[in-house]
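One chain, chain A, links the two complexes that follow: it is found with chain B in the first and with chain C in the second.
Right, the complex of A and B next:
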């Protein structure tokens, strides 16, 4: 017992070391990669303006003004002090921009992921227990087709139908700009604006969740212990969700976690189509303007999030599935 | 509250039958108060205009922080006034009541308006104007060039004299562009690029700044009650970000937006008013005249003959556009030279020129010279909207016998290469062709950094004339020089103007504002229909 627990801690430590090493690598990549983009802020901002044409001297002066790059070591030290630098475009702290955009992305992505995971899970479980029924077959074929539809396609179709023709939902933004509303009215307004982008994302995420749950459920159902449960005369609902579904949850949780980890890039397309003021939009604008500090921050946070999520998943696995715990101790 | 009282009255009324007349009067009075109350609410509710554009963010609307493009300038112009301004009638007074030019002393005398207030309530004085000249000379505001200004002094009680070093034709155009800054704010600011504080938004303009949301790309301005030309008609001016102007206009989210010409019919049906601007923006083919074979004028002529510009308009833009003049200045410009040489689409002539330059037709239909195939690299990017111009040009050049390697790139990536002369041909474009003719200097001169500029030093005569036109104040004399410039530019052809796309905007007339495109553009030529003068009574 003593020995196995020591081995366990050792494994944990080496794992932690591996994770910190990859975190450092990601910080370096997020520092380096954006600067490899062709062109710089001054070119993006000034080079095609007809109203302002700069002379070579003015240009190099501007370039010097907007260059904050002082090497990776300084970047790292600044990061540790939680200083993400200033945006070139606004000359205000990047963190301010980031936290302006983050709530909107979280609202969109978290609600889309939860909705898609819940509906996908329930539909998957129910479909698996009704194998070969018309319900199951039509749902599977629908899901397969939907899985093939890219977000950009569903997004545009939803916009055309519900915004342009029916006029039920607004086409752009996260709220009516500068509307003087009471809190309840504001909540309704936000919900109203959220509907279409949320729907595009749920439609995009649902089929994957559904198909995944169904497949793993089908494998679980054939296990003898389900037959035992049935023989014991347990209720159908209890068998499905307490006995069978718990064992089919693992892949879905993985998918859910990874989806959440890709929060920043996940909503990129949908945010663009609906002009939703989240991190995707912020990143898009920053790339367009070559606002390096903003790109660096967003790339860094999103890659660290992926890493953190993988780490978290590993911990969650252990409590979801005892076999994972065993693997550590062996 | 009101409704409760009303119900109470009704209740009383049914109880006391005898006094029914009294009750009726009471009821009527209450209803009247009720109606009046809501009427006032409706009446007092803010009138607002919402303007949409796809980018949203154009920087803080202050002179030193707005982005160096028209939309950034326009947002700033709502807050900051200039000495003079432009509307449909031409140049009009703004902070200067009147102005005159004295050729003997090379100076302009501006008589300033009295009783003008800054947004913080302080009085506007001639000292502010003098300060602005000094400050902008020290800290360049890139929309304005003050190199020709020798001095600016207060004269008399409310007059300012601006002395020039030499006669300078675009001076008034710059005066219609230069925002006047409050001395009491900026005299303590040493780095205006970094300065964003509540008081950096203080101007004398018709609107005061309330908010700019950087990520949402929205702006809120409120009418300035003490504006010297009277409180503007609309209380709240809002800029929103909307990727699709058609959707924004149709769903009532926006009252004004720049649109694509093919949206005109739908919007007209919905009761929108359509505005069409003069031709002031050109799609342009940049030619790398610093290297072989493009350094040869004849070769550039062959290219011009090989490209069917009408076909580009028809195939890529559904016919919405006109073939551009080869002299760069727009045919709608007052100084346009109708006798500018032009290069009609003539593939046979293009082949003939290439043959005379020593190229021979290879077996594959493409030209070769000294055993090397004639192969050019054409850069294309999204200049304003995604289009197929690059593909069509490739097809046309290949028809003539020039092999083309088409490279579609992201805009800044392409711009970076154009700037470094790392290209053969590149599709680009710019506006400003309606404003002051100083645009020719900016778009031809070899010492500008713009990727849209031909940066051409191949003709000393052209360079001399460009310099000369700036210092020629006589209109007819300037016209002659400009005619010659357009002629030489077309002959040299350092870049090829392809076409003028139709520029259209649509607005909701029910909001009570009649927007217009300013002839010659706002300031030095901004082709945007959001002229603040339209918002004044």
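Right, the complex of A and C next:
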């Protein structure tokens, strides 16, 4: 026991080390890669335009304005002080754009993850207890098909049907612009705008949660203590949720944490389809305009957030279930 | 045991569906351009014209035949997925076997490297690289492969640790077999099922990422791809291009991802030892 816990600590430390190292790797990449760039913003901006012709002096002036000649240490310090430079396209600080978009992304992703985890969990538990019934089989089939549906496709289809064809939901944005609304009306309005992107994400995340819960439940059900609980004459609901499901919860919690960690990256495409003003749309527009500081900041900060989430998960994980200290591999 | 698994495989409806779809896509990407008479990149037709006998799916905004583009896009996506999966499988298998067989410092080094790579968000690196350098898509596939091999190699390593203790491998060592002989003659073929799972899993991931990157406009616009078709068609939604321009790539992409998903899920069910143990056990 002593030995295994020491081994576990060692393993955890090495994992934490790996995460820190990869965070550093990402920061270094985001510092290094742009400087290797052959073309730059000035060329990208003006080479395609026919109305603007720059003289050599003007061009070098622009270049000097936009160049980022700093050492790596300076880059790190600026990063920590939230000084992420100015957007080329909007001329506002990148951090401002970032923090304007972040709440919308968080709202979308946290609610999508919670909804998908809840529904997936309940469906998984119920399916596992009705093994080999028609209910289970059709649910598993649905889950498998949904697992094969990429977010791009669900997003586009939902947008086409419910927003553009039926007109039930708005096609873009997170709130009605310039509308004078009371707080309650505003909440409803936000919910209305949230529905479609949320649905796309829940459909994307549900099957993974469902299939995972079902598998771990099936493993739990075959344990003797479930038979004991049945023999005691406990109600089905009680057995399912108080006895069995609790022990099948762990993989789902892990997945939930990992999913939450990848949320920032996960919704780029869906946000773009529904023109939801989160980080995804910000990144998309930045890519279109070759707005380098913005791309750099979003990529970097969201990957650091991912790594921080995983590290946090790693730290709290052992307290969730001491049995599986070693099982957490990823 | 072996025959039993094969029989079970043939009866699995998911694997069957996946196989049929796979066959369909393979045929379409190999022979598709022979059937469709248009050049996918030729801009010579009336832009935005509706479907007719000559253009079964109509013409896009640049005056290109949509069906030809679709066939080309499917082929590109499949090629991207296969390239990435093949490269990451090769790296993953080699490193997994080496780490598992030799152990010690080699194992430690490789596995720590794998941990670091596992933590790096691959899509972010891809976004950064393709936004900055716009490398050719197949280079992108290889870069992606360099980032995602660790899961394969971890599974291979774990299984190698089990197989290396088995009697026939020990016997081979006793008889003086060299390291490379054991790795290539014993371990490599024995772990075959894991390769199938790893390969199809990575293929799915790569196709998904290719579509997302193309949709975001990060892959060369001159190259046909499903993500980009969706992206452009979405701009013209008000022209009722739903069923001839937007839906076909959406459908193709879903079916492609489904094909691989079905294969992955049924292979895992069949071959993953942790899941196999619970096969046939009755529920409460």
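Basically, the second predicted complex is superposed on the first by the 288 of 330 C-alpha atoms of A that agree within 3 Å, B and C clash if a C-alpha of one lies under 4 Å from a C-alpha of the other, contacts with A are read in each partner's own complex, and residues count from 1 in each chain.
By our rule, a residue touches a chain if its C-beta (ideal position, glycine included) is under 8 Å from a C-beta of that chain, and two chains touch if they have at least 3 such contacts.
Everything quoted here is computed from the prediction, not taken from an experiment.
Novice: Between chain B (first) and chain C (second), which, if any, makes contact with A:218: first, second, both or neither?
Specialist: Touch status of A:218: second partner only.
Novice: If we overlay the two complexes on their shared chain A, which of chain B and chain C does A:164 touch? Say first, second, both or neither.
Specialist: Once the two structures are laid over each other on A, A:164 reaches both partners.
Novice: Answer with first, second, both or neither: which of chain B and chain C does A:18 touch in the superposed model?
Specialist: A:18: touches chain C, not chain B.
Novice: Name the contact category of A:288: first (chain B only), second (chain C only), both, or neither.
Specialist: Both: A:288 reaches chain B and chain C.
Novice: Please indicate which partner A:302 is in contact with in the superposed arrangement: first for chain B, second for chain C, both, or neither.
Specialist: second
Novice: Kindly classify A:315 by the partners it touches after superposition: chain B alone (first), chain C alone (second), both, or neither?
Specialist: Touch partners of A:315: none, neither chain B nor chain C.
Novice: Which partner, chain B or chain C, is in contact with more residues of chain A?
Specialist: With both complexes superposed on chain A, more residues of chain A are touched by C.
Novice: A:272 in the overlay: touching chain B, chain C, both, or neither? Say first, second, both or neither.
Specialist: Once the two structures are laid over each other on A, A:272 reaches both partners.
Novice: What is the shared patch of chain A, the residues that chain B and chain C both contact?
Specialist: 37-38, 164, 272-273, 288, 290
Novice: Looking at the complex, which residues from chain A come into contact with chain B?
Specialist: Those in contact with chain B are residues 37-40, 43-56, 58-59, 65, 89-92, 97, 100-101, 159, 163-164, 167, 170-174, 176-178, 180, 272-273, 275, 277-278, 281-282, 285, 288, 290.
Novice: Over in the complex, which chain A residues touch chain C? Could you list them?
Specialist: 14-15, 18-19, 21-23, 25-26, 29-30, 33-34, 36-38, 128-132, 144-145, 147-150, 152-153, 156-157, 160, 164, 211, 215, 218-219, 221-222, 226-227, 230, 239, 262, 265, 268-269, 272-273, 283-284, 287-288, 290, 292, 295-296, 299-300, 302-303, 306-307, 310, 329-330
Novice: Which of the residues in chain C end up touching chain A in this complex?
Specialist: 14, 112, 115-121, 123-125, 127-129, 131-133, 151, 154, 208, 211-212, 215-218, 227, 230, 234, 237, 242, 246, 250-251, 253-254, 257-262, 265, 275, 278, 281-284
Novice: Touching chain A in the complex: which residues of chain B?
Specialist: Touching chain A from chain B are residues 46, 50, 56-57, 59-60, 65, 67-70, 73, 140, 142-143, 193-194, 196, 210-211, 213-218, 220, 236, 238, 240-244, 246-248, 250-251, 253, 383, 411-413, 415-417, 419, 428, 430-432, 439, 442-443, 447-453, 523-526.
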